[in-house]
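First chain A sits with chain B, and in the next complex the same chain sits with chain C.
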Partner chain A sequence: MGLDLSINKYADVSYDEKERLFEEAKSDDRWHHVLYGCYECGICVAACPSARFYDFSPRVIAQAVAREDVDLVYTLMNDSVWDCSQCFSCDRCPRQNSPGQIITVLREVAVRNGLQTAKDALEGYGRIIYKIMSTGSQVSPDMLQPDAFPDWGGHVKEISDNLDVWRKALPPETLHTTETGWVVDDKTIIELYLIWHMTGVMDLIEGIDEGLFMILVDVMEERLEEAGYDDITFD
Partner chain B sequence: MIHLPVLKAADRKFQANPDNAPTEDIREELFQLEKEGELEVIRVPEPYMEVKTKFGRIKKIPVEKTWHHKSCGQCGHIPGYSTSIFWLNRAFGLDYYDPTDQTSCTAWNYYASATSNPEAQAAVAVRNFAAAHEVGYFPLIHCGTSFGHYKEVRHALVHQPELRRKVRKVMEKLGKKLVLPEEVVHYSEWVLAMKDRIAERQVVDMSNITATVHPACHYHKLIEEDAIYDSEIYGAQRTAIITGTLQALGVNVGDYSTWFDCCGFGFRHILVSRDFSRSFSVQRKIEVMMEEVNPDIVVTHDTGCVTTLDQSQFAGKAHDKKVGLPVISDSQLAAMAMGAHPYKVLQMHWHNTDNTKFMQKLGMDTDKLWAEFELETDKIKRGEKEFLTWEDAEK
Partner chain C sequence: MASENILVIGGGPTGMEAARGIADLGYKAILVEKRDRLGGTPDEAQYAALTPDLRNAEEAIGEMVAAVTDNPNVELLTGTTVTSSEGEVGNFKVKAVQNGSEIEIEAGAVIVATGFQHFDPGRETQKYGYYEHDDVVTLVDAEKLLKSGNFVRPSTGEKPKSVAFIQCVGSRDRQIGNEYCSKVCCGMSSKQAIEIRQHVPDCKVYIFYIDMRMYGYWENEIYWPAQEKYKVNYIKGMATEIIKKGDGLLVKGEDTTLRRPMEIPMDMVILAVGMEPSEGTKVVADIFGLPKNKYNFIETIGGPLNTVSTEKAGIFAAGACTGPADLEDSVSSAGAAAMKAISAIRKIGVPA
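Showing the complex of A and B:
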């Protein structure tokens, strides 16, 4: 089914609420560096990989935000932004827009406000967020499990069967890990947790996945306490 | 799909003049901010090599004293990628630093899920830069996305005083300074700048090989003026990265019409919505390369690109698509040219699409080489040795 851009799509959400979210996007410091209007020329679409695969158009998104079409922006924030593959091929826009970065900002607003469509888009993604936020390394060797990547064939099983030995058969001493991409110092992790704490990132996580938020808080508060930061809480 | 023949204007060259550049030189602004006491600039250590970027500006590439900002996707899933970069440094006897005081840039997660914000992203970047500076080394970025993202972060920090203020506050809490590098350097730029030295030490003839090149989106589309261009390569109409290295090694580089297209990685898509990644990668990249060039190998320079282009071919095969192209990084190919062991160093067994025929075409006895690797892993299994060392890798 194609993208439904009719005004009825989210008629149950008040105009004021849609406008509030749009204003939140517009108040982002980046907004005026990534949107200058829109010629509606479609050059971004020609370069866009997601437009070839989905009923998706960076032009429609740039056009909607440039025209300040509050209803349409709300629909796109729900039903379109997660199709973008964030390649930034659309940065060749002759109006100097970055449709990809407009989308980044809209996604952030969707996450911060806990929109159900954002939760749906990130379903199954929580384990990745957990990995990056708790270990400082987004991708780890032990993620290569056949049930996670069935479409990559028997090769993934071969790797997971041999994982411990193959990791030890890597010459750099930092790479003998399976749970993280490389050895990460304890001090480094603590510094990362302090960054999450001071920059409000955990509020975003809470908005999108409360269960994940609670697990992360447990892990992080315990390690911070061990490191002498017993005054830090994420509540 | 319509395939257009690729025409080349062999003699036409564009010489970029930095005085006509449409963008400001961010390094001048960086040094100005340093004078004003706003931040500290990490200088490129000497000796350095000079390359030209899109508008003809000179970019300094350090030879050594490099702090290797590793990539989680490379180290985690295609570790021969990073191992080859280290191997090249060791082969030239260069001083490099492989840190444990390093996190991922976290940009993969940000581009996938938006569960972060500019302040956190900038703080993660500056924390890593500061860690490099503290030990007296210069950051060399392994991942294309980290590279592009860090350039965006540097750009934002230079132009947004409020963001600087916030990040400085975070750094104070960590006992660190707000530092930014004079140049953001990707490892493939280092490989390209080193290409003649690599070619001098080449022991594997690659003149019978044809490759196609995929330049990573986040390398040449984010802060595009900072990618390397060379009037001798594609008439400076696209980045010289990878292609320049391959040509120096005698590899024949074949052109194809969808070179600008992304690989299909998608950040979120490759992890939880791979139908897009698979289809795009196979139909817009691999099949087009096969039809227009029929190369022996695809060479690229980023974590996500190697992963997507390589892993997607398994499903493509099941759908009778034209696939079967091995995919490796320029660092692996450069190390291979200099005689690095394909399994102990290049770790080719972590790649999915069969690459043995490619190596056999280069004259390698892949069965024998694999047996040599297994000899080492058997010792590890029996507990006779804990790890494969750099010395073992050279045997």
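Showing the complex of A and C:
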């Protein structure tokens, strides 16, 4: 094993551009609370579930940014950062680094700057992002279909055939829904739309997946208009 | 007639601290120094700032010199070299040459504080080319440059854009014969790395190491600030060769934790040379018949619980003549030696 830096599966850019991206990460308010110096001791790798399955090393992330190795950071930003499951098991670092949170920041830089590798990495999540952002709740029961989750076994079909009944059997009334994880009231969803609009989340989505952005805008603008926010536009 | 004087050989930090301690306790110290001035290696090699606190070395050593100068209980014999000794505890008769003429010193006990010398990188086992490349220097050379206030490349007189330290030069090396760790070089390199980053902020600084050895508070006082605040790059891996490339140097080694071979261009390389016994240490050990260890440092016999007693009753050794030592070790063992030397004299005075 070891780092294979010989094959670039992504566009190479000038050193100045790599440095600009790295500086953007370093200017994040969280940066100096998640990166100190790296002993390169490997305790984060020892604790990392992803490292057991992928050629992924939170240590390499930490040491690359600690050494300010601009080329390597760019490589990792295009590749390794997407192998992390963001569980933060690595937070046991004796220097109090958080490779997981360093990765959070690097991912955000990758998304903000519309790196193709970020688009590729997030492509498979479009359905989930759509669900969360349009309904205000996460994976919904009606996504549980036998063809979507064949590896979950035969009982998935049985459950999905009678989804309404199963959901109604749950005690809290807020769960008597199949299209969302739970009932999200109108005020909450309108506030979520406004927050995503005002904090620039929608701009991020536009940069990473324009199709998804357009679908979301349709849904959001319609509901916002109904709620009286007819002056809000996402363009 | 027993003598209550204590002969201290060596006017560096260890010898000065031992003499000061003896004087403070009301005994007389005879402080012998080969050079014509006190201060030892920090003075002779023109240290700029001490490790770990970056205190101005001239000022700090100056205070030690002042404490033994014009001190009624300290007799200073500079420009003086010990040549022979006879007698035993309570009654040593030591001959010395002072500025060409022979003198005799009577002492009840002796403290040897003859120190170390820096490893000569001409003997290194790697191919660093200290005597070939102007921009390959030692920690000692770099200290002089820092003291001058003008940290520049020797070849051009311009400020370097990149500097690499190479650790363990002349230490921890079976082929050279110095198997021991010299103890201070990791701290000195890190201290100098901080100073270089302060003097030349746009200069990148790398430290190539086998292990970083920064005990106790050196960890949080030097190592962490160097890495976290001053962005010094620590790379675990030894360089094996330095070659000239264009106007600069090319350092060849392995970046072990990233598992990749490495060839990095550098404007300057600083070799972290270790410690060896000084010539004076070897000569004085022989004059007093003190056993030396396989590295030619003077052997103490008390293990970790007594760092200063030698095989000869009434003769003590302190500081870096007994092995690699930092200033903290040196002045601490100086105090212990002063106490034990006085104890040795007082015991003679006690009737059986």
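Simple rule for what comes next: the second predicted complex is superposed on the first by the 225 of 235 C-alpha atoms of A that agree within 3 Å, B and C clash if a C-alpha of one lies under 4 Å from a C-alpha of the other, contacts with A are read in each partner's own complex, and residues count from 1 in each chain.
What we mean here is this: a residue touches a chain if its C-beta (ideal position, glycine included) is under 8 Å from a C-beta of that chain, and two chains touch if they have at least 3 such contacts.
Source: prediction; values computed, not measured.
The superposition on chain A brings chain B alongside chain C with room for both.
For chain A, the partner that touches more of its residues is B, with chain B and chain C as the two candidates. Of the two partner chains placed around the shared chain by superposition, chain B is the only one that A:H176 touches, whereas chain C remains out of contact.
In the superposition on chain A, A:V111 makes contact with chain B only, not with chain C.
Looking at the shared chain after the overlay, A:G37 reaches chain C, while chain B stays out of its contact range. Once the two complexes are laid over each other on the shared chain, residue contacts for A:I102 go to neither chain B nor chain C. In the superposed pair of complexes, A:Q63 makes contact with chain C only, with no contact to chain B. Once chain A of one complex is fitted onto chain A of the other, the partner contacts of A:V45 are absent, as it touches neither chain B nor chain C. After the chain A superposition, the centres of chain B and chain C are separated by 90° when viewed from the C-alpha centre of chain A, nearest 10. The least CA distance from chain B to chain C in the superposed model is 16 Å.
Comparing which residues of chain A touch chain B with which touch chain C, the overlap is empty. Within the complex formed with chain B, the chain A residues making contact are 29-30, 33, 47, 49-50, 52-54, 82-83, 85-89, 91-92, 104, 107-108, 110-111, 118, 121-125, 128-129, 132, 136-141, 143-144, 149, 151-153, 155, 159, 162, 165-176, 180-185, 187-189, 191-192, 194-196, 198-201, 204-205, 208.
Residues 70-77, 79, 82-83, 86-87, 98-104, 106, 108-120, 123-124, 127, 131, 148, 156, 159-160, 162-163, 166, 169-170, 173-174, 217-218, 221-222, 224, 260-262, 264-269, 271-272, 274, 276, 278-280, 284, 311, 314-315, 344-345, 347, 349-350, 352, 373, 376-377, 380-381, 386-390, 392-393 of chain B are the ones touching chain A in the complex.
On chain C, the positions that touch chain A within their shared complex are 224, 227-228, 231, 233-236, 257-260. Chain A makes touch with chain C in their complex at residues 2-3, 5, 36-38, 40, 59-60, 63, 66-68, 72, 95.
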